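Right after this note come the structures.
What follows is chain A paired twice: with chain B in the first complex and chain C in the second.
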Partner chain A sequence: MENGIYSVEKELNKAKRDISLSAFSILFSEIVQYCLYKSKKGYRLEDALHEIGLRVGYKLSEYLYYKNKMKRSITILNILTFISKHVWKYLFQHSSDLLKSQDSIYEYMICDKNILLNKYITVPKDYGNINCASFAAGIVEGFLCSSEFQAEVTAHTIYENEQNQNTTILVKFYPEVIEREKNH
Partner chain B sequence: MSRPAHRRPEYHKINKDLFVLTYGALVAQLCKDYEKDEDVNQYLDKMGYGIGTRLVEDFLARSCVGRCHSYSEITDIIAQVAFKMYLGITPSVTCNNSSRNEFSLILDKNPLVEFVEELPAGRSSLCYCNLLCGIIRGALEMVHLAADVTFLQDRLKGDSVTEIGITFLKKRDEKKYRRKK
Partner chain C sequence: ISDVPIYEADLSVVKKKDISEHLSQFILHQSLDTVDELVWRSSHMYLKTIDSFNNYSVSAYCTPGHIKFLLLYKNKNYINDNLRSFFEIVHENYIRVLLNPLYEPNGIIISSLFDQNVHLAAKKFLHQ
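After this line comes the complex of A and B, so read on.
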């Protein structure tokens, strides 16, 4: 048990190392196939991917603040900026855009023009609007919920024209969070 | 004007932590969906097989290795080229028997278990990295080599090192050729 604690300390302080994109892409495609298999038993594909992403998101919230030597965010705008800049850069090599919804005070959007996860994925027409970036949505939800910003996060595909598809991650905060923010 | 013969395709890299955390999340999800350790191990092996069948094409395209003439050459290439290319580590190879068809890869550092301290309680016979066994088995089968790949030792289960054993099995085709003669 003692050995275990020291090894985690060592890993937390290691320099960043890279891995090939193809290894991750092929692993991710197997995960999508597993979720497809689960969808035959009644789960939705996006829900299954979302659940796996949740687990990743939970681990990241502690680790990334420590790694970036920053204080934890306590306001909505701070944490969402942290996610769209630092978390996205850490996971997907580029940062994303953060937008606030005009229609609802509870909703925010994180837009990514070409998300790494969907690079090698094409969705057949009969699957409708499924977006495998639900995995990223799960990561964001795990990150937010473990930082006490309860929200529902989903991924949506926006079709700009025939060829281009953008991914938008919609973050819908629970009313308690917005109330808490107002009372701050 | 024409492409040089040995030009390698571009080599995009991403953050290793995303890969490691995704793999951990996958194993955790499988543990939630299947109660028995054997089922999880089997499913990981099956997924690894699917990955291996496709990874081998990517590997052959990027690495430009030539034809291998013996099982030990193949195991050396798996250890020194393939593992290095995909996981950034170089396991050491030992040969286990005199008929030169059983080999072991000894992994000093295993990046897949970077964030794992110990196996959860009640999951003591879980082979956390069983995906690797499936990958090697699938890749070898795509180049027409049948092999049995298992974990002989596992650091997470208390052993001192992580050891993957590869046993090359006799090809069924060999018998057919003999009959034709």
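After this line comes the complex of A and C, so read on.
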């Protein structure tokens, strides 16, 4: 303790403990069921999951930069690379691919094959296109918005076959962000 | 992100002040505009002294989550290292507050440990 200051450094730098897949799956399944319950009251399931993800992303944006001892990101490429590499490694133990859209200057894609969130979720046919990866989209959006890179982030999954699915997190930046990039 | 501060503290050694609280708030709010420009010019978090008014100066620090810490001080020529260390301690304590699941993002900070550590950091790095 230096001069009486209670040092929070140790607390924040704790070695990462692994969490069992079962524990995570049960927690996520309960979250999805909670959002399903909310959807009966008029909220869309994906929106509810997305909103929960926002809070996670908001807090991660501070914590992960501190943990990785990295400086603030001031360019789009910088922050998206940080997300696809470090955030994905922290959450899912592997990094994801970052792509830029050919059609629009506002859009970027983060691609993750067989995203962990959807691993134990099967969507019945009558629920349509519900994608629980919107939780991850919410995390990315919370992360970006809190760092002043306002964007709309959505998740889209293509099911190649029974075993394989390909999830794309689509990041669509607000025009002000692109303008600001150009001016600097 | 509003301009309402989520935390304020008077870190002076001698509590008697020679400028009103309104004036200090005014000077600090003025400097926010400068901070908003500076944050996009460099990726450093510690922005050094960014503004001055009469014999008061404002030093700033911006976190990756764009939370800004502003310090208004009078006259003294602080060594950048001391200011930076002070801000870094505030930053660490802020992260701890943020990671509390019961803390609402952008909410007023009510943690007494945070307040205590900020005062102790001021004592260590600023009151010399």
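Operating definition for what follows: the second predicted complex is superposed on the first by the 171 of 184 C-alpha atoms of A that agree within 3 Å, B and C clash if a C-alpha of one lies under 4 Å from a C-alpha of the other, contacts with A are read in each partner's own complex, and residues count from 1 in each chain.
Convention: a contact is a pair of C-beta atoms (placed from the backbone, for glycine too) under 8 Å apart; a residue touches a chain by one contact, two chains touch by 3 or more.
These numbers were taken from a predicted model, which means no experiment stands behind them.
Participant: Tell me which touches more residues of chain A here: chain C or chain B.
Facilitator: Comparing touch counts on chain A for chain B and chain C gives B.
Participant: After lining up the shared chain so the two structures overlap, which partner does A:19 touch, if you call chain B first and chain C second: first, second, both or neither?
Facilitator: So A:19 only meets chain B here.
Participant: So in the superposed three-chain picture, is A:53 touching just chain B, just chain C, both, or none of them (first/second/both/neither)?
Facilitator: The answer is first: A:53 touches chain B but not chain C.
Participant: Answer with first, second, both or neither: which of chain B and chain C does A:118 touch in the superposed model?
Facilitator: neither
Participant: Name the contact category of A:71: first (chain B only), second (chain C only), both, or neither.
Facilitator: After superposing on A, A:71 lies in contact with chain C but is clear of chain B.
Participant: Which partner does A:146 contact after superposing on A: first (chain B), second (chain C), both, neither?
Facilitator: Second partner only.
Participant: Both chain B and chain C touch chain A; at which residues?
Facilitator: Touching chain B in the first complex and chain C in the second, residues 4-5, 8, 11, 55, 59 of chain A appear in both lists.
Participant: Residue numbers of chain A touching chain C in their complex, please.
Facilitator: Touching chain C: residues 2-6, 8-9, 11-12, 55, 58-59, 61-63, 65-66, 71-74, 78, 146-148, 180, 184 of chain A.
Participant: Quick one: which bits of chain B touch chain A in the complex? Just the residue numbers, please.
Facilitator: 11-19, 21-26, 28-29, 33, 47, 50-51, 54-55, 58, 62, 85-88, 111, 114-115, 117-118
Participant: Flag every residue of chain C that touches chain A in the complex, lowest number first.
Facilitator: 39-45, 62-67, 89, 91-96, 98-99, 105, 113, 116-117, 120-121, 123-124
Participant: In the complex formed with chain B, which residues of chain A make contact?
Facilitator: Contacts found on chain A: 1, 4-5, 7-8, 11, 16-24, 26-31, 33-34, 38, 51-53, 55-56, 59-60, 90-93, 116.
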